[in-house]
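In structure tokens below, several structures.
First chain A sits with chain B, and in the next complex the same chain sits with chain C.
On to the complex of A and B.
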């Protein structure tokens, strides 16, 4: 059954200290060509029937994202990108 | 400049209490057709030059994911899915 993927990221103008911490750690790993790192959330929603993008958008808006500081996108997962496909 | 997206999700056999909490809250929103919710991380890496998938894979393995309990995938972001495009 296809899943719906909700990607939640901080808005570009909001500071991301978690991502900055990762970016600052990279030189110690010998990585010097990274300009920035932003960390957000990825949520996979599995429906009992047909995947419902509008319903997923409603869930994201009410429960998964804080619209004041975060943007989200909702889309169908491609066949090769769900957790089951990876395992 | 295109970004590299790293998606980190708990392995399917690992319990996801955060996702379960969201799934359990859905009936109170009037949503009853969701079978499961899994919550992971989405990391956007911006390189100073050409995006380097192998380098990103190395960063994910060493810094972003815990390979014991998490799977990750690394890919180039499509033009319409980065934070800048959403804003």
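On to the complex of A and C.
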């Protein structure tokens, strides 16, 4: 059954301390050409019937993301990109 | 008649006992409310205590906001019921859209636990009328996600309408914008505060008795409020 992928990211103007902490650690790996890191959350939704992007958008807007501080995108997953398909 | 102040317990609440005790010390009758029970049992005010509601699996307060009791509290709060959200309770009030803005991970990523000086900026709310304008109080703060954020227009509106209830003084423990520690809604009956007034109501367990003012305020408010 195809899944719907919801990506939730902090809005660009909201400070992302987690991403910043990771970016600050990169020089310790010898990485010096990264300007910034932003960390978000990926959610995969599997409907019992056909995947419903509109419903997924509603779920994302009401629960998965907080529109005050976060943006989200909703799309159908490609056949080989879900967690199960990769494992 | 003694005022009855409800204290909600969510799975993960840990300051509900202290909040109920603070209510009792202030002279009211604490009424324990359960998150899964939409009945408010006729309480005159509600405290959403600190803790880690529903494990905060998604975002702090995001799932707690959908608890059956919250539906009743949101309706009653819109009708004027005094509601105080402390720490996780503040996060739940923001997620429930009773208060604007959001609380995010502390800017330095560390949990902060210390006694904190606050300046009370707004004394017209149901929960702060016992204070003097500009009064400084000492109240414990303990949070990992206490950084208050909102867009600049919202922050400007809060300032212009006198809805910033308290600000951090002598250091901002979490990076909150404009040092905001507590805010209120337009009507002044709903207050969200990140520090913990319920931990400053007894000399034995707190750094001061300054927190008591929040709980005596609501009693004063209820006496003055039309039935």
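Operating definition for what follows: the second predicted complex is superposed on the first by the 87 of 87 C-alpha atoms of A that agree within 3 Å, B and C clash if a C-alpha of one lies under 4 Å from a C-alpha of the other, contacts with A are read in each partner's own complex, and residues count from 1 in each chain.
One rule holds in what follows: a contact is a pair of C-beta atoms (placed from the backbone, for glycine too) under 8 Å apart; a residue touches a chain by one contact, two chains touch by 3 or more.
Since the structure is predicted, the reported quantities are computational estimates derived from the model, not experimental observations.
Novice: Tell me the contact category for A:15 with respect to chain B and chain C: first, second, both or neither.
Specialist: second
Novice: Quick check on the superposed pair: does A:34 touch chain B, chain C, both, or neither? Answer first, second, both or neither.
Specialist: In the superposition, A:34 contacts chain B only.
Novice: Once the shared chain is lined up, is A:57 touching chain B (first), chain C (second), both, or neither of them?
Specialist: Neither partner.
Novice: Is A:26 touching the first partner chain B, the second partner chain C, both, or neither of them?
Specialist: first
Novice: In the three-chain superposition, say which chain, chain B or chain C, touches more residues of chain A.
Specialist: B
Novice: If you lay the two complexes on top of each other, which residues of chain A touch chain B in one and chain C in the other?
Specialist: Shared contact residues on chain A: 10, 13, 63-64.
Novice: Note which residues of chain B are touching chain A in the complex, please.
Specialist: 1, 7-13, 19, 22, 25-26, 29, 31, 33-49, 52, 55, 58-59, 62-64, 71, 73, 81, 83-84, 86-87
Novice: Contact residues on chain A for chain C in the complex?
Specialist: 10, 13-15, 17-18, 21, 63-64, 66, 68-69
Novice: Name, in rising order, each residue of chain C that touches chain A in their complex.
Specialist: 58-59, 62-63, 66, 94-95, 100-102, 104-109, 149-151, 175
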